[in-house]
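Going in written order, the chains are labelled A, B, C and D, and every chain counts its residues from 1.
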Amino acid sequence: MSALDNTRELFRRDQVWPFLAPAQSRVNVDNQMILYVEDLNLSFDGFKALNNLNLYINDGELRCLIGANGAGKTTLMDVITGKTQCDSGTVYFGQNHNLLNKDEAEIAQLGIGRKFQKPTVFEEQTVFDNLELSLKTDKRVLPTLFSRLTPTQIDRIDEVLKTIGLAEHRFMLAGALSHGQKQWLEIGMLLAADPRLLLIDEPVAGMTAQETERTAELLTSLAGERTVIVVEHDMEFVRSIARTVTVLHQGSVLAEGTMDQIQSNKDVIEVYLGEEAVGEKGAEQGKGERA
Amino acid sequence: MKIKTLVSAIALSGATLIALPSIAADTIKVGVLHSLSGTMAISETTLKDTVLMMVDDQNKKGGLLGKKLEAVVVDPASNWPLFAEKGRELLTKDKVDVIFGSWTSVSRKSVLPVLEELNGLMFYPVQYEGEESSKNVFYTGAAPNQQAIPAVDYLMNDLDVERFVLAGTDYVYPRTTNKILEAYLKAKGVAAQDIMINYTPFGHSDWQSIVSDIKKFGSAGKKTAVVSTINGDANIPFYKELGNQGISAEDIPVVAFSVGEEELSGLDTKPLVGHLAAWNYFQSVETDENEAFIKAWKAYTKNPKRVTNDPMEATYIGFKMWANAVKQAGTTDVDAVEQAMIGQETPNLTGGVAVMNKNHHLSKPVLIGEIQDDGQFEVVWETDGVVAGDAWSDFLPGSKDLISDWTAPIKCGNYNTKTKACSGQNY
Amino acid sequence: MSRLTAWFSEGRSSGKHTLPFVVILLGVTLLASAANLFLPADSALYVSTYTITLLGKYLCYAMLALAVDIIWGYCGILSLGHGAFFALGGYAMGMYLMRQIGDRGVYGDPLLPDFMVFLDWKELPWFWLGMDQFWFAMLMAVAVPGLLAFVFGWLAFRSRVTGVYLSIMTQALTYALLLAFFRNEMGFGGNNGLTDFKEILGFSLQSDSTRISLFIITALLLSVIFVISQRILSSRFGKVVLTIRDAESRSRFIGYRTDRYKVWLFVYSAVIAGIAGALYVPQVGIINPGEFSPVNSIEMVIWVAVGGRGTLIGAVIGALLVNYAKTRFTAIMPDAWLFALGAMFVLVTLYLPKGLMGVYGQLKAKYRPTNAKESQV
Amino acid sequence: MRQLIALCCCLFGLLSFPIQAAETSRVDALFTELAGAKLKHMELILEQLEEAKGEAILPLFRVLLGGDLYYIKANKNLVGKFDDQGKTLYKQVFNDTLVPNLAKRDVKKIRVNNKLRGYLRNAIARIQLTAKSPSVRESAVRELLSKLDASTVVILEDLYPNEPNKKVKEAMGLALAMHTASQTELAVSNRLVAIETLSTSLENDVRNALTKLTQDDNPAIIKAAQGALEQIAQRAKRFAFVDQLFFGLSLGSVLLLASIGLAITFGVMGVINMAHGEMIMLGAYTTYVVQLIMPNYIDYSIWVAIPAAFLVSGLMGVLIERLVIRHLHGRPLETLLATFGISLILQQLVRTIFSPLNRQVSTPSWMSGSWEINPVLSLTLNRLYILAFALLVFIALVIILKKTSLGLNVRAVSQNRNMAKAMGVKTNWVDAMTFGLGSGIAGIAGVALSQLTNVGPNLGQAYIIDSFMVVVFGGVGNLLGTLVAAFTLGIATKFLEPTTGAVLAAILVLVFIILFIQKRPKGLFPQKGRAAE
């Protein structure tokens, strides 16, 4: 019988085996900084994708990254999430986690979520499973094998399903969703994981106007207890959500500040906003006259 | 629940289809267990055809015991476990009265337990390593003492060879044969450094280094010869390499135990002229039986260029003996036939008479031939009289004391003359 | 314990083929056995021992197919080396059976197997020690393949060897083992392998009762493994495995250490293959290096492809069908069966990319669309 | 000098003339005796003939050695058999006049065995010592080195002084030196000098002679002999290394040929082509068929076979691509299954058409034999040619891929199928062509392999795995990688073999590859682009 008890002890779900217990300490954000990126360098045979780039993100802020194609936005995210190794520089998550010596999984487990440009969900599985898989749980092999959905987790999933408006599609294969829905699902997967830091790559690409609006609301609401970094081309969208905007150019920071500061910034105007800004001004003037 | 029906359908059809009892037709069934596909097909298909030819021939003569013979051919596909399975199929499903089959040792070893369990009868027509004698198998090929040892004697006495290269494919036949030869040579006073042993994998195709080693080994002033137990497929590249590296038969003769007319038909023999082979039969032997046989064979295969070889003769002898034994016993019952087989005599194709001994091995003459440029062998030496096949070699420590005698009172395949005991029978 | 049963009971919802499968499998098994034991040999329903051993062999292959499917169909890792694990398991069993012969070998040597005697080995190589103990041999039958799989997988998956490269590497693995086991110096009987077995646990391998029990044991183990696998694959672990097949990098970004998942699944699959091998040997009566040949491993993959990968039941059906076809063809048309087999493979890959189960699924969807919807639940 | 030779020659002639007249009858008797003599008596007869007729007997010995000497059953006259455009004819042995209307059954072959052949070679050599062409004389001398008996030495001694040709003189000097060195009754000084001369030669016979001398009772001689052997061994070692390197390269070239086609079908198209081996097999069988069609022009058959094989395999490749592969795009692992089925079918096909037996493909005369650089180092011609051929094919392929428009399209498709399609590349056509090209090259490989190994249904199976190893090791989709990989593996194997033996060498190489791929998951030369996955 004792053997039986042992096995029972062995498979108690509410606690993991000691030798599997995480040696993970909480993210230290004593001085309001959650992400430190310092003189980051990376070059793909010859072409400098990142050129000693420095970037500091406050805890709980919502930051927009803009910049022309090849400015290094996506590459930066790749480095932060451990997809690509950089040549030199440091990336710290809080004061205590050096991200450069960690792989994707570890970084994700630290609480950094990422959404890709092109939505990638698990098409062969249901919306529900997609979310269940991305829940914040112990993701090591054995725990996963013997895991079972707790009521709280189910509630959590339902909640997320509501937020992303896929409640009635919960048992549909993710592959069968529309493009926009996939976008939402992927965001949902981020929410389910409730990360400290979200890296979001072009969230509204291929969304309708009101979908875009809802996304904007969602992101702004997220900011605060979470930190959000958004890469987006859609200026309207950026303006609608941005508090602080960082402009990347040829792998390094060109300018940083509020949308208005950015728009009035000389070199930004010439390298990036350029004609667009002028055009807008013209348009406003036009309005003015008609009024 | 389509799935359920599906599964059950398969399983049941599997069960029933195979299990349908075979209708006991009024024929004597002859099983043919030779690979028709895979690596061994190259050698074994010939033997399949031989058996079919013999069956035809027998039927023309009115069959046996007033019944027609019926050949049942299956394909074990050079897959050793399949030999056991197909053997069982032949014996239990097709209810054959005798099996002619197997080429490699492993295929024989694989089917052996089945034969002994179901008390079947098999004729094994290929030269092999000996060290076996089963109640249910008759070995019509050469045992080592009917091929290897006379060949070495010839090399030493007639060609004054003093250094020997024992080259073989790495499996049990060459291993055992070379062990025997090594012991024999040492007994004959050949020094250890005058014997070079080399093993290569099956179908070895790159012989450069080995041949050049042989060349070096042969250049030490003493007359050198190669004793080759290299298996079928690997021979052609081996001989090609010999030819290209300019090793002629006068410098270093190669005597082969598994190169016959058929293997030679696969290559250009000009560079090989003078190399040797030891067999119990050559197509070139001029006797009436042989001529008739060759004629029949060419007619049967509708191919005037088709050659005959030693395993075919072994099959021929085996079949003749079995037919006679069946006549004599008046039944195809295995035990009766088995007893009738012993002492059975039938003319072989080289002008002598083959005798089946108590140990289920034949007495045969041993011939040594030189390869000619037409792909045939010229007999340069032969034993006076026949040599009795020895199941258990006297040159292996394990088997010196073992003999095989299937007649009363011993009735044992591996009888230890020292302990007077019979070990390991499967029935 | 209760928790385990709970764990299983939960899986029932997803593995809905499981119950019928197990019922049919065991049913057929018992019927066949009974028909063999109790019916007279001349009755039309009599099942010959030949058939029993044949079915036994098929079931071993089915188990093997299961192993391949788990790794290929569910995780997208095409292993062309599963023959290696199968054969290793087989050799472990073979060595045990060899030791069982004891002094009943033709040379009557109490310790050394025959092939060692006539190649006059002096004493037993170290790796043969302990193999006379059944439990130890069986331990080896699962441990050795498992260990090999672990080491190989650990190396390969950590350095992210994927797709074709991985397949070819597994092929290299089994090929290397093939060559190694051919060498007589290895002490595994070289090309002849191990054969001429007599007894297992004291029961004669020649007797029908032993054959039947082996057959039944195989069937039982197959169903047990089927159930366990079904359960594992329907757990969250299984879902993660699927994500690895479909979008591995994504599941890394969600925080799963995919390489570890792969390693453990690979090991599990290898162990199943090992068990299959161990059951195969006593029923077939010989184990030799031929089992390592890459072609065999490719065939296994084809069984799965035919049955329909990604469904356990498909793997089993595929293995049964293809091998049954093989048996029939080699008997009916010995000269042409390779044509039939080859054509079969080509056609299946062309027209049934999802295998027979795929067809079944389509049919079902066609006739019972509502049900199709539920099936995703 | 020349005149002098000429003089003695005609002197010989004059002297021998009357004797000849006297002996003709006896010689004829010997001839008739030779016809149908037992093998053991023949040597005696031949000796008598040699001393009786001297140089004049050469043609007879030659024909006999060639195994073409027959005698007419009717009158026991000797005739030589020769082939003329496939039909066998017979001619007088001494004057090449044709003997008309003789059928096979009218004549009987005069058999020879190894002993006789050995004797004949020596006899011919002895006679040829005075032959016109220096090269013949030299080879004659070298032939005799192994069997120096008093009589030959005497002949050599009186020929030596007035030998015009330097190399021949050298050889003779060597022979004489061997003799002197071995003569214990001679003065030690002379013998030492002789040994000195011997130490410069690589001939086996010399080495054996010296080894015998190391058992000499005179310490000085022993020492000298050992010194000489040392020197020889030193030089021999260097050549041995070259030899081994060549073996490695040669094996490498075979691997290259076998795998280069795969580097295209597998590497560029991403098709796991299990039927690749059978493409090689088809090439080999094509060679066989070509030789069947033109049995009398074997030497040229290869030149016909190469394009023929390319076409046959290539077309088969296109066929397979159109019928099967085309439907499996983007499912590389499933191409494996389909092509495996195809390989089974093809194997059985040749088995039914050509029977499962190996087929005889004969080697053109210009490819057989070896290039004797010196007594210890000789490179076999066929492998030499194949090495060159492999490189040639490789270069040709690179040019096709780099310079032609097909090559451009192929690369375009392999790097980005959809983009290529968008740019108007006929991807279907390109695929078919690519696969055809790869298969065709496999066919060419088959032609080469038919010269080395046996042409049978299993030919392909023997090479398929190695091919995959080479391609993967080199880096999928990278031809240069394939080249480097092939030669690396070839040389590695050959340098391992002497120490480990063939089997273990193969295993070690495999294990090495496995570990290497762990380190460099994309092979030696990782390829950019998506074709690999």
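Annotations for the structure displayed:
Please note the rule applied: a contact is a pair of C-beta atoms (placed from the backbone, for glycine too) under 8 Å apart; a residue touches a chain by one contact, two chains touch by 3 or more.
Predicted model only: the values in this text are computed from it and were never measured.
More C-beta pairs in contact connect the chains of C-D than those of the other pair, out of C-D and A-C. Computed from the mean C-alpha positions, the centre of chain C lies at a distance of 47 Å from the centre of chain D. Note: centroid distance chain A to chain B, computed from Cα atoms, is 74 Å.
With centres defined as mean CA coordinates, chain C is found 44 Å away from chain A. Chain centres here are Cα means. That of chain B falls 32 Å from that of chain D.
Residues of chain D found to touch two or more other chains are 347-348, 503, 506. Multi-chain contact residues, meaning those touching two or more other chains, occur in chain B at positions 36-37, 170, 199, 201.
Of all possible chain pairs, the ones that touch are A-C, B-C, B-D, C-D.
Touching chain B in their complex are the following residues of chain C: 17, 20-21, 24-25, 27-28, 31-32, 35, 41-42, 44-51, 53-55, 57-58, 101, 103-109, 115, 117-120, 179, 182-184, 190-193, 195-198, 206, 284-286, 288, 290, 313, 317, 320-321, 324, 327-328, 330-331, 334-335, 337-338, 360, 363-364. Within the complex formed with chain C, the chain D residues making contact are 266, 270, 272, 274, 324, 327-328, 331-334, 336-338, 340-345, 347-349, 352, 461, 465, 468-469, 472, 476, 503-504, 506-507, 510-511, 513-515, 517-519, 521-523, 532-533.
For chain B in complex with chain D, the residues that touch the partner chain are 36-39, 41-42, 45-46, 159, 170, 198-201, 203-206, 208-210, 212-213, 219-221, 233, 236-237, 240-241, 243-246, 249-250, 253, 262-263, 265-268, 271, 273-274, 370, 372-373, 378, 380.
Taken together, the chain B residues at the contact with chain C in this complex read 1-4, 6-8, 10-12, 14-21, 36-37, 73-77, 79-82, 84-86, 88-89, 92-93, 104-106, 109-110, 112-114, 117, 131-132, 170-172, 175-176, 179, 199, 201-202, 396-399, 402, 413-414, 416, 419, 421, 423-424, 426-427. For chain C in complex with chain A, the residues that touch the partner chain are 1-4, 7, 10, 232, 235-237, 239-240, 242-243, 245-247, 249-258, 260-261, 264, 376-377.
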